[in-house]
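The first chain written gets the first letter, and so on, giving A, B, C, D, E and F; residue counts start at 1 in each chain.
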Amino acid sequence: MSDIWLKSLITATPQEGFELAITLSRRGVKYTQPDGEVLHRLRAEYANSADGLTAASQVIAVNFQTVAAANNYWRG
Amino acid sequence: MSDIWLKSLITATPQEGFELAITLSRRGVKYTQPDGEVLHRLRAEYANSADGLTAASQVIAVNFQTVAAANNYWRG
Amino acid sequence: MSDIWLKSLITATPQEGFELAITLSRRGVKYTQPDGEVLHRLRAEYANSADGLTAASQVIAVNFQTVAAANNYWRG
Amino acid sequence: MSDIWLKSLITATPQEGFELAITLSRRGVKYTQPDGEVLHRLRAEYANSADGLTAASQVIAVNFQTVAAANNYWRG
Amino acid sequence: MSDIWLKSLITATPQEGFELAITLSRRGVKYTQPDGEVLHRLRAEYANSADGLTAASQVIAVNFQTVAAANNYWRG
Amino acid sequence: MSDIWLKSLITATPQEGFELAITLSRRGVKYTQPDGEVLHRLRAEYANSADGLTAASQVIAVNFQTVAAANNYWRG
(Lines give C-alpha, C1' and ligand atoms only; values in the text may rest on other atoms or scores of the structure.)
Protein backbone atom coordinates (compact mmCIF):
# COMPACT_ATOMS: atom_id res chain seq x y z
CA MET A 1 0.00 0.00 0.00
CA SER A 2 1.28 3.42 -0.83
CA ASP A 3 -0.59 5.45 1.78
CA ILE A 4 0.98 6.11 5.18
CA TRP A 5 -1.33 4.84 7.89
CA LEU A 6 1.08 3.87 10.70
CA LYS A 7 3.54 6.49 11.83
CA SER A 8 4.02 5.46 15.44
CA LEU A 9 2.94 2.92 18.03
CA ILE A 10 2.95 5.59 20.76
CA THR A 11 -0.43 6.80 21.96
CA ALA A 12 -1.48 9.25 24.65
CA THR A 13 -3.77 6.86 26.54
CA PRO A 14 -4.38 3.09 26.89
CA GLN A 15 -7.73 3.49 25.19
CA GLU A 16 -6.15 5.09 22.14
CA GLY A 17 -3.68 2.23 22.22
CA PHE A 18 -6.54 -0.26 22.17
CA GLU A 19 -8.07 1.55 19.24
CA LEU A 20 -4.73 1.44 17.43
CA ALA A 21 -4.71 -2.32 18.04
CA ILE A 22 -8.08 -2.48 16.30
CA THR A 23 -6.66 -0.52 13.36
CA LEU A 24 -3.72 -2.94 13.12
CA SER A 25 -6.11 -5.90 13.16
CA ARG A 26 -8.22 -4.45 10.36
CA ARG A 27 -5.17 -3.55 8.30
CA GLY A 28 -4.01 -7.15 8.60
CA VAL A 29 -7.25 -8.14 6.94
CA LYS A 30 -7.14 -5.36 4.37
CA TYR A 31 -3.65 -6.25 3.14
CA THR A 32 -4.95 -9.73 2.40
CA GLN A 33 -8.25 -8.63 0.87
CA PRO A 34 -8.00 -5.02 -0.41
CA ASP A 35 -11.43 -5.05 -2.11
CA GLY A 36 -13.63 -2.82 0.05
CA GLU A 37 -16.85 -4.29 -1.20
CA VAL A 38 -15.84 -7.85 -0.34
CA LEU A 39 -14.68 -6.68 3.09
CA HIS A 40 -18.02 -4.98 3.70
CA ARG A 41 -19.91 -8.15 2.87
CA LEU A 42 -17.66 -10.36 4.98
CA ARG A 43 -17.81 -7.98 7.94
CA ALA A 44 -21.58 -8.39 8.02
CA GLU A 45 -20.97 -12.11 8.16
CA TYR A 46 -18.50 -12.40 11.05
CA ALA A 47 -20.06 -9.54 13.01
CA ASN A 48 -23.05 -11.84 13.39
CA SER A 49 -21.07 -14.93 14.28
CA ALA A 50 -20.10 -15.59 17.89
CA ASP A 51 -16.98 -17.48 16.80
CA GLY A 52 -16.03 -14.77 14.33
CA LEU A 53 -16.29 -12.04 16.95
CA THR A 54 -14.23 -13.97 19.47
CA ALA A 55 -11.56 -14.55 16.83
CA ALA A 56 -11.55 -10.85 15.99
CA SER A 57 -11.17 -9.98 19.66
CA GLN A 58 -8.23 -12.39 19.87
CA VAL A 59 -6.39 -10.60 17.05
CA ILE A 60 -7.02 -7.26 18.77
CA ALA A 61 -5.65 -8.71 22.03
CA VAL A 62 -2.42 -9.82 20.32
CA ASN A 63 -1.95 -6.43 18.70
CA PHE A 64 -2.77 -4.68 21.98
CA GLN A 65 0.12 -6.58 23.60
CA THR A 66 2.45 -4.98 21.07
CA VAL A 67 1.05 -1.47 21.44
CA ALA A 68 0.98 -1.68 25.24
CA ALA A 69 4.61 -2.83 25.39
CA ALA A 70 5.60 -0.01 23.01
CA ASN A 71 4.05 2.47 25.41
CA ASN A 72 5.57 0.91 28.53
CA TYR A 73 2.00 0.18 29.53
CA TRP A 74 1.31 3.91 29.99
CA ARG A 75 2.76 3.59 33.50
CA GLY A 76 3.30 7.34 33.56
CA MET B 1 -16.33 5.20 20.55
CA SER B 2 -16.59 8.48 22.33
CA ASP B 3 -16.91 7.25 25.91
CA ILE B 4 -13.82 6.79 28.06
CA TRP B 5 -13.71 3.22 29.32
CA LEU B 6 -9.96 2.53 29.70
CA LYS B 7 -7.96 5.02 31.73
CA SER B 8 -5.22 2.76 33.02
CA LEU B 9 -3.94 -0.82 32.97
CA ILE B 10 -2.89 -0.59 36.62
CA THR B 11 -5.06 -2.44 39.13
CA ALA B 12 -4.83 -2.94 42.87
CA THR B 13 -4.94 -6.75 42.80
CA PRO B 14 -4.37 -9.63 40.34
CA GLN B 15 -8.05 -10.44 40.45
CA GLU B 16 -9.01 -6.92 39.42
CA GLY B 17 -6.42 -7.30 36.67
CA PHE B 18 -8.10 -10.47 35.50
CA GLU B 19 -11.43 -8.70 35.47
CA LEU B 20 -9.90 -5.87 33.43
CA ALA B 21 -8.70 -8.53 30.97
CA ILE B 22 -12.31 -9.66 30.65
CA THR B 23 -13.39 -6.07 29.98
CA LEU B 24 -10.73 -5.75 27.26
CA SER B 25 -11.90 -8.99 25.67
CA ARG B 26 -15.51 -7.85 25.60
CA ARG B 27 -14.58 -4.44 24.24
CA GLY B 28 -12.71 -6.15 21.42
CA VAL B 29 -15.99 -7.78 20.50
CA LYS B 30 -18.05 -4.63 20.99
CA TYR B 31 -15.90 -2.51 18.70
CA THR B 32 -16.57 -5.04 15.94
CA GLN B 33 -20.28 -5.48 16.71
CA PRO B 34 -21.64 -2.43 18.57
CA ASP B 35 -25.29 -3.54 18.40
CA GLY B 36 -26.18 -4.57 21.97
CA GLU B 37 -29.11 -6.71 20.91
CA VAL B 38 -27.04 -8.78 18.49
CA LEU B 39 -24.34 -9.19 21.16
CA HIS B 40 -26.93 -10.39 23.65
CA ARG B 41 -28.20 -13.03 21.24
CA LEU B 42 -24.71 -14.18 20.29
CA ARG B 43 -23.59 -14.35 23.92
CA ALA B 44 -26.36 -16.83 24.62
CA GLU B 45 -24.99 -18.87 21.74
CA TYR B 46 -21.30 -19.12 22.64
CA ALA B 47 -21.95 -19.29 26.38
CA ASN B 48 -23.53 -22.66 25.64
CA SER B 49 -20.80 -23.89 23.37
CA ALA B 50 -17.74 -25.63 24.80
CA ASP B 51 -15.57 -24.42 21.92
CA GLY B 52 -16.92 -20.90 22.22
CA LEU B 53 -16.16 -20.73 25.94
CA THR B 54 -12.64 -22.05 25.50
CA ALA B 55 -12.02 -19.47 22.77
CA ALA B 56 -13.34 -16.71 25.05
CA SER B 57 -11.04 -17.89 27.83
CA GLN B 58 -8.11 -17.79 25.39
CA VAL B 59 -8.76 -14.12 24.57
CA ILE B 60 -8.96 -13.31 28.28
CA ALA B 61 -5.64 -15.14 28.83
CA VAL B 62 -3.93 -13.04 26.14
CA ASN B 63 -5.27 -9.81 27.59
CA PHE B 64 -4.33 -10.92 31.09
CA GLN B 65 -0.72 -11.28 29.93
CA THR B 66 -0.78 -7.60 29.00
CA VAL B 67 -2.41 -6.44 32.22
CA ALA B 68 -0.16 -8.61 34.39
CA ALA B 69 2.99 -7.28 32.70
CA ALA B 70 1.72 -3.70 33.11
CA ASN B 71 1.41 -4.33 36.83
CA ASN B 72 4.79 -6.05 37.17
CA TYR B 73 2.79 -9.10 38.13
CA TRP B 74 1.71 -7.44 41.40
CA ARG B 75 4.98 -8.65 42.92
CA GLY B 76 4.57 -6.07 45.69
CA MET C 1 -17.80 -11.92 41.10
CA SER C 2 -17.69 -10.98 44.71
CA ASP C 3 -15.55 -13.84 46.04
CA ILE C 4 -11.78 -13.44 46.21
CA TRP C 5 -10.15 -16.26 44.27
CA LEU C 6 -6.88 -14.69 43.04
CA LYS C 7 -4.67 -13.06 45.64
CA SER C 8 -1.28 -13.55 44.02
CA LEU C 9 0.45 -15.01 40.98
CA ILE C 10 3.38 -16.17 43.10
CA THR C 11 3.61 -19.90 43.78
CA ALA C 12 6.14 -22.04 45.61
CA THR C 13 6.85 -24.42 42.72
CA PRO C 14 6.45 -24.59 38.94
CA GLN C 15 3.84 -27.29 39.31
CA GLU C 16 1.72 -25.11 41.59
CA GLY C 17 2.17 -22.40 38.96
CA PHE C 18 0.87 -24.73 36.29
CA GLU C 19 -2.11 -25.57 38.46
CA LEU C 20 -2.76 -21.85 38.96
CA ALA C 21 -2.71 -21.49 35.16
CA ILE C 22 -5.46 -24.13 35.03
CA THR C 23 -7.46 -22.18 37.59
CA LEU C 24 -7.10 -19.00 35.53
CA SER C 25 -8.25 -20.86 32.41
CA ARG C 26 -11.33 -22.21 34.14
CA ARG C 27 -12.16 -18.84 35.66
CA GLY C 28 -12.02 -17.33 32.17
CA VAL C 29 -14.74 -19.77 31.22
CA LYS C 30 -16.73 -19.27 34.42
CA TYR C 31 -16.91 -15.48 34.08
CA THR C 32 -18.52 -16.01 30.67
CA GLN C 33 -20.83 -18.85 31.74
CA PRO C 34 -21.43 -18.71 35.50
CA ASP C 35 -24.11 -21.44 35.50
CA GLY C 36 -22.44 -24.47 37.11
CA GLU C 37 -24.87 -26.95 35.60
CA VAL C 38 -24.25 -25.75 32.06
CA LEU C 39 -20.49 -25.84 32.69
CA HIS C 40 -20.74 -29.40 33.96
CA ARG C 41 -22.58 -30.53 30.83
CA LEU C 42 -20.19 -28.70 28.49
CA ARG C 43 -17.14 -30.07 30.29
CA ALA C 44 -18.32 -33.59 29.53
CA GLU C 45 -18.52 -32.54 25.90
CA TYR C 46 -15.07 -31.03 25.32
CA ALA C 47 -13.31 -33.49 27.64
CA ASN C 48 -14.23 -36.10 25.04
CA SER C 49 -13.20 -34.07 22.04
CA ALA C 50 -9.61 -34.11 20.82
CA ASP C 51 -9.92 -30.58 19.45
CA GLY C 52 -11.55 -29.35 22.63
CA LEU C 53 -8.80 -30.76 24.81
CA THR C 54 -6.05 -29.29 22.65
CA ALA C 55 -7.75 -25.90 22.79
CA ALA C 56 -8.03 -26.16 26.58
CA SER C 57 -4.33 -27.02 26.79
CA GLN C 58 -3.54 -23.96 24.65
CA VAL C 59 -5.34 -21.63 27.08
CA ILE C 60 -3.47 -23.20 29.98
CA ALA C 61 -0.19 -22.67 28.11
CA VAL C 62 -0.92 -18.97 27.61
CA ASN C 63 -1.80 -18.51 31.27
CA PHE C 64 1.26 -20.50 32.33
CA GLN C 65 3.43 -18.00 30.43
CA THR C 66 2.03 -15.26 32.66
CA VAL C 67 2.42 -17.19 35.91
CA ALA C 68 5.93 -18.37 35.01
CA ALA C 69 7.07 -14.82 34.19
CA ALA C 70 5.54 -13.56 37.45
CA ASN C 71 7.66 -16.10 39.32
CA ASN C 72 10.84 -15.36 37.36
CA TYR C 73 10.55 -18.93 36.16
CA TRP C 74 11.29 -20.24 39.66
CA ARG C 75 14.99 -19.87 38.87
CA GLY C 76 15.71 -19.92 42.57
CA MET D 1 14.84 -22.22 -0.07
CA SER D 2 18.04 -21.02 -1.62
CA ASP D 3 17.10 -17.40 -2.21
CA ILE D 4 17.84 -14.79 0.45
CA TRP D 5 14.61 -13.02 1.40
CA LEU D 6 15.21 -12.04 5.05
CA LYS D 7 18.35 -10.11 5.82
CA SER D 8 17.21 -8.13 8.83
CA LEU D 9 14.23 -7.51 11.10
CA ILE D 10 15.10 -3.81 11.36
CA THR D 11 12.88 -1.41 9.43
CA ALA D 12 12.81 2.37 9.15
CA THR D 13 9.18 2.81 10.20
CA PRO D 14 6.42 0.87 12.02
CA GLN D 15 4.49 0.58 8.79
CA GLU D 16 7.42 -1.07 7.03
CA GLY D 17 7.64 -3.34 10.07
CA PHE D 18 4.00 -4.28 9.64
CA GLU D 19 4.61 -5.03 6.00
CA LEU D 20 7.59 -7.20 6.95
CA ALA D 21 5.26 -9.08 9.30
CA ILE D 22 3.01 -9.76 6.32
CA THR D 23 5.99 -11.06 4.36
CA LEU D 24 6.91 -13.39 7.22
CA SER D 25 3.34 -14.67 7.39
CA ARG D 26 3.26 -15.41 3.68
CA ARG D 27 6.67 -17.07 3.77
CA GLY D 28 5.40 -19.33 6.54
CA VAL D 29 2.74 -20.48 4.11
CA LYS D 30 5.09 -20.72 1.15
CA TYR D 31 7.59 -22.95 2.94
CA THR D 32 4.74 -25.41 3.56
CA GLN D 33 3.22 -25.13 0.08
CA PRO D 34 5.83 -23.91 -2.44
CA ASP D 35 3.62 -24.44 -5.51
CA GLY D 36 2.67 -20.94 -6.66
CA GLU D 37 -0.36 -22.10 -8.60
CA VAL D 38 -1.86 -23.89 -5.61
CA LEU D 39 -1.17 -20.83 -3.44
CA HIS D 40 -2.90 -18.59 -5.94
CA ARG D 41 -6.01 -20.77 -5.92
CA LEU D 42 -6.09 -21.05 -2.12
CA ARG D 43 -5.57 -17.31 -1.67
CA ALA D 44 -8.73 -16.66 -3.65
CA GLU D 45 -10.46 -19.01 -1.25
CA TYR D 46 -9.46 -17.56 2.13
CA ALA D 47 -9.51 -13.96 0.88
CA ASN D 48 -13.24 -14.44 0.56
CA SER D 49 -13.75 -16.12 3.90
CA ALA D 50 -14.30 -14.03 7.02
CA ASP D 51 -12.71 -16.71 9.21
CA GLY D 52 -9.78 -17.10 6.84
CA LEU D 53 -9.07 -13.37 6.84
CA THR D 54 -9.23 -13.13 10.62
CA ALA D 55 -6.84 -16.06 10.92
CA ALA D 56 -4.46 -14.41 8.46
CA SER D 57 -4.60 -11.19 10.48
CA GLN D 58 -3.77 -13.17 13.61
CA VAL D 59 -0.60 -14.59 12.06
CA ILE D 60 0.42 -11.09 10.98
CA ALA D 61 -0.20 -9.84 14.53
CA VAL D 62 2.09 -12.52 15.99
CA ASN D 63 4.84 -11.73 13.51
CA PHE D 64 4.39 -8.00 14.10
CA GLN D 65 5.10 -8.60 17.80
CA THR D 66 8.47 -10.02 16.81
CA VAL D 67 9.33 -7.26 14.35
CA ALA D 68 8.20 -4.51 16.73
CA ALA D 69 10.31 -5.91 19.58
CA ALA D 70 13.31 -6.18 17.25
CA ASN D 71 12.95 -2.48 16.47
CA ASN D 72 12.43 -1.45 20.10
CA TYR D 73 8.99 -0.35 18.95
CA TRP D 74 10.49 2.47 16.87
CA ARG D 75 10.55 4.60 20.02
CA GLY D 76 13.09 6.85 18.36
CA MET E 1 -2.96 -34.24 41.01
CA SER E 2 -0.92 -35.48 43.91
CA ASP E 3 2.15 -36.71 42.05
CA ILE E 4 5.08 -34.35 41.48
CA TRP E 5 5.80 -34.13 37.78
CA LEU E 6 7.23 -30.60 37.38
CA LYS E 7 10.13 -29.68 39.63
CA SER E 8 11.89 -27.15 37.42
CA LEU E 9 11.74 -25.44 34.04
CA ILE E 10 15.53 -25.57 33.70
CA THR E 11 16.93 -28.11 31.26
CA ALA E 12 20.44 -28.92 30.11
CA THR E 13 19.80 -28.47 26.39
CA PRO E 14 17.26 -26.80 24.06
CA GLN E 15 16.08 -30.21 22.91
CA GLU E 16 15.30 -31.28 26.47
CA GLY E 17 13.50 -27.96 26.79
CA PHE E 18 11.42 -28.77 23.75
CA GLU E 19 10.59 -32.15 25.19
CA LEU E 20 9.56 -30.49 28.47
CA ALA E 21 7.26 -28.25 26.42
CA ILE E 22 5.65 -31.40 25.05
CA THR E 23 5.20 -32.71 28.58
CA LEU E 24 3.53 -29.45 29.64
CA SER E 25 1.20 -29.63 26.63
CA ARG E 26 0.15 -33.18 27.45
CA ARG E 27 -0.33 -32.36 31.12
CA GLY E 28 -2.63 -29.51 30.10
CA VAL E 29 -4.76 -32.11 28.38
CA LYS E 30 -4.51 -34.64 31.19
CA TYR E 31 -5.68 -32.22 33.89
CA THR E 32 -8.83 -31.69 31.83
CA GLN E 33 -9.35 -35.35 30.93
CA PRO E 34 -7.61 -37.61 33.47
CA ASP E 35 -9.07 -40.85 32.09
CA GLY E 36 -6.18 -42.62 30.37
CA GLU E 37 -8.40 -44.78 28.21
CA VAL E 38 -10.30 -41.81 26.80
CA LEU E 39 -7.00 -40.01 26.16
CA HIS E 40 -5.64 -43.01 24.31
CA ARG E 41 -8.69 -43.15 22.04
CA LEU E 42 -8.64 -39.39 21.37
CA ARG E 43 -4.90 -39.40 20.67
CA ALA E 44 -5.48 -41.88 17.85
CA GLU E 45 -8.03 -39.44 16.50
CA TYR E 46 -6.05 -36.20 16.40
CA ALA E 47 -2.77 -37.91 15.51
CA ASN E 48 -4.44 -38.70 12.21
CA SER E 49 -5.89 -35.26 11.65
CA ALA E 50 -3.83 -32.56 9.95
CA ASP E 51 -5.65 -29.83 11.86
CA GLY E 52 -5.30 -31.69 15.13
CA LEU E 53 -1.55 -32.10 14.69
CA THR E 54 -1.05 -28.45 13.80
CA ALA E 55 -3.03 -27.42 16.86
CA ALA E 56 -0.92 -29.72 19.04
CA SER E 57 2.24 -28.21 17.59
CA GLN E 58 0.91 -24.74 18.39
CA VAL E 59 0.45 -25.61 22.07
CA ILE E 60 3.97 -27.01 22.18
CA ALA E 61 5.27 -23.79 20.59
CA VAL E 62 3.60 -21.67 23.28
CA ASN E 63 4.99 -23.83 26.06
CA PHE E 64 8.41 -23.83 24.43
CA GLN E 65 8.42 -20.02 24.61
CA THR E 66 8.05 -20.31 28.38
CA VAL E 67 10.72 -22.98 28.80
CA ALA E 68 13.16 -21.19 26.50
CA ALA E 69 12.76 -17.90 28.38
CA ALA E 70 13.26 -19.72 31.68
CA ASN E 71 16.57 -21.06 30.38
CA ASN E 72 17.69 -17.72 28.94
CA TYR E 73 17.53 -19.47 25.59
CA TRP E 74 20.48 -21.69 26.54
CA ARG E 75 22.78 -18.89 25.39
CA GLY E 76 25.55 -20.42 27.43
CA MET F 1 13.38 -39.39 20.42
CA SER F 2 16.94 -40.49 20.74
CA ASP F 3 18.47 -38.48 17.91
CA ILE F 4 19.88 -35.02 18.60
CA TRP F 5 18.18 -32.50 16.34
CA LEU F 6 18.29 -29.28 18.39
CA LYS F 7 21.64 -28.19 19.72
CA SER F 8 21.15 -24.44 19.83
CA LEU F 9 18.63 -21.70 19.10
CA ILE F 10 21.39 -19.40 17.84
CA THR F 11 21.57 -18.87 14.09
CA ALA F 12 23.78 -16.72 11.88
CA THR F 13 20.97 -14.86 10.14
CA PRO F 14 17.25 -14.08 10.61
CA GLN F 15 16.40 -16.27 7.65
CA GLU F 16 18.17 -19.26 9.20
CA GLY F 17 16.24 -18.42 12.36
CA PHE F 18 12.99 -18.53 10.42
CA GLU F 19 13.95 -21.88 8.98
CA LEU F 20 14.74 -23.17 12.47
CA ALA F 21 11.25 -22.03 13.49
CA ILE F 22 9.88 -24.22 10.70
CA THR F 23 11.92 -27.15 11.97
CA LEU F 24 10.54 -26.64 15.49
CA SER F 25 6.99 -26.53 14.12
CA ARG F 26 7.45 -29.77 12.21
CA ARG F 27 9.09 -31.47 15.17
CA GLY F 28 6.09 -30.53 17.29
CA VAL F 29 3.99 -32.47 14.82
CA LYS F 30 6.41 -35.37 14.56
CA TYR F 31 6.58 -35.96 18.31
CA THR F 32 2.80 -36.40 18.26
CA GLN F 33 2.67 -38.49 15.10
CA PRO F 34 6.03 -40.21 14.49
CA ASP F 35 4.78 -42.36 11.58
CA GLY F 36 6.38 -40.86 8.48
CA GLU F 37 3.85 -42.35 6.11
CA VAL F 38 0.90 -40.88 7.96
CA LEU F 39 2.66 -37.51 8.09
CA HIS F 40 3.27 -37.62 4.36
CA ARG F 41 -0.39 -38.27 3.66
CA LEU F 42 -1.59 -35.56 6.07
CA ARG F 43 0.88 -33.02 4.69
CA ALA F 44 -0.68 -33.41 1.25
CA GLU F 45 -4.01 -32.68 2.92
CA TYR F 46 -3.24 -29.45 4.81
CA ALA F 47 -0.85 -28.15 2.14
CA ASN F 48 -3.94 -27.87 -0.04
CA SER F 49 -6.15 -26.29 2.58
CA ALA F 50 -6.16 -22.52 3.06
CA ASP F 51 -7.05 -22.89 6.74
CA GLY F 52 -4.41 -25.56 7.23
CA LEU F 53 -1.69 -23.40 5.71
CA THR F 54 -2.64 -20.37 7.79
CA ALA F 55 -2.58 -22.50 10.93
CA ALA F 56 0.85 -23.84 9.98
CA SER F 57 2.10 -20.30 9.44
CA GLN F 58 0.79 -19.34 12.87
CA VAL F 59 2.81 -22.09 14.57
CA ILE F 60 5.91 -20.96 12.67
CA ALA F 61 5.26 -17.38 13.82
CA VAL F 62 5.10 -18.43 17.47
CA ASN F 63 8.31 -20.43 17.18
CA PHE F 64 9.99 -17.58 15.33
CA GLN F 65 9.25 -15.31 18.30
CA THR F 66 11.28 -17.68 20.46
CA VAL F 67 14.17 -18.01 18.03
CA ALA F 68 14.29 -14.27 17.35
CA ALA F 69 14.38 -13.45 21.07
CA ALA F 70 17.14 -16.02 21.59
CA ASN F 71 19.21 -14.25 18.96
CA ASN F 72 18.48 -10.76 20.30
CA TYR F 73 16.76 -10.18 16.98
CA TRP F 74 20.09 -10.34 15.14
CA ARG F 75 20.58 -6.66 15.96
CA GLY F 76 24.27 -7.03 15.29
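Some observations on this one:
As a working rule, a contact is a pair of C-beta atoms (placed from the backbone, for glycine too) under 8 Å apart; a residue touches a chain by one contact, two chains touch by 3 or more.
Chains and their UniProt names: A, B, C, D, E, F = Hexameric tyrosine-coordinated heme protein.
In this text the structure is predicted, and so the values were computed from the model without any measurement.
Minimum number of contact steps separating subunit B from subunit C: 1. Under the touch definition stated at the top, subunit B and subunit E share these contacting partners: C. The chain with its CA mean position farthest from that of subunit F is B.
Once the centre of each chain is set as its mean CA position, subunit C and subunit E turn out to be 15 Å apart. Per-chain CA centroids place subunit D at a distance of 27 Å from subunit E.
Each of the following residues of subunit B touches two or more other chains: 46, 49, 51, 55-56, 58, 62, 65, 69. Taken chain by chain, the contacts form a single closed ring in which each chain touches exactly two others. The touching chains form a single ring; listed from subunit A in the subunit B direction they are A, B, C, E, F, D.
Listed in rising order, the residues of subunit C touching subunit B in the complex are 4-10, 24-29, 31-33, 38, 42-43, 45-46, 49, 51-52, 55-56, 58-59, 62-63, 65-66, 69-70. Contact residues of subunit D toward subunit A in the complex are 13-15, 18-19, 22, 46-51, 53-58, 60-62, 64-65, 68-69, 73-75.
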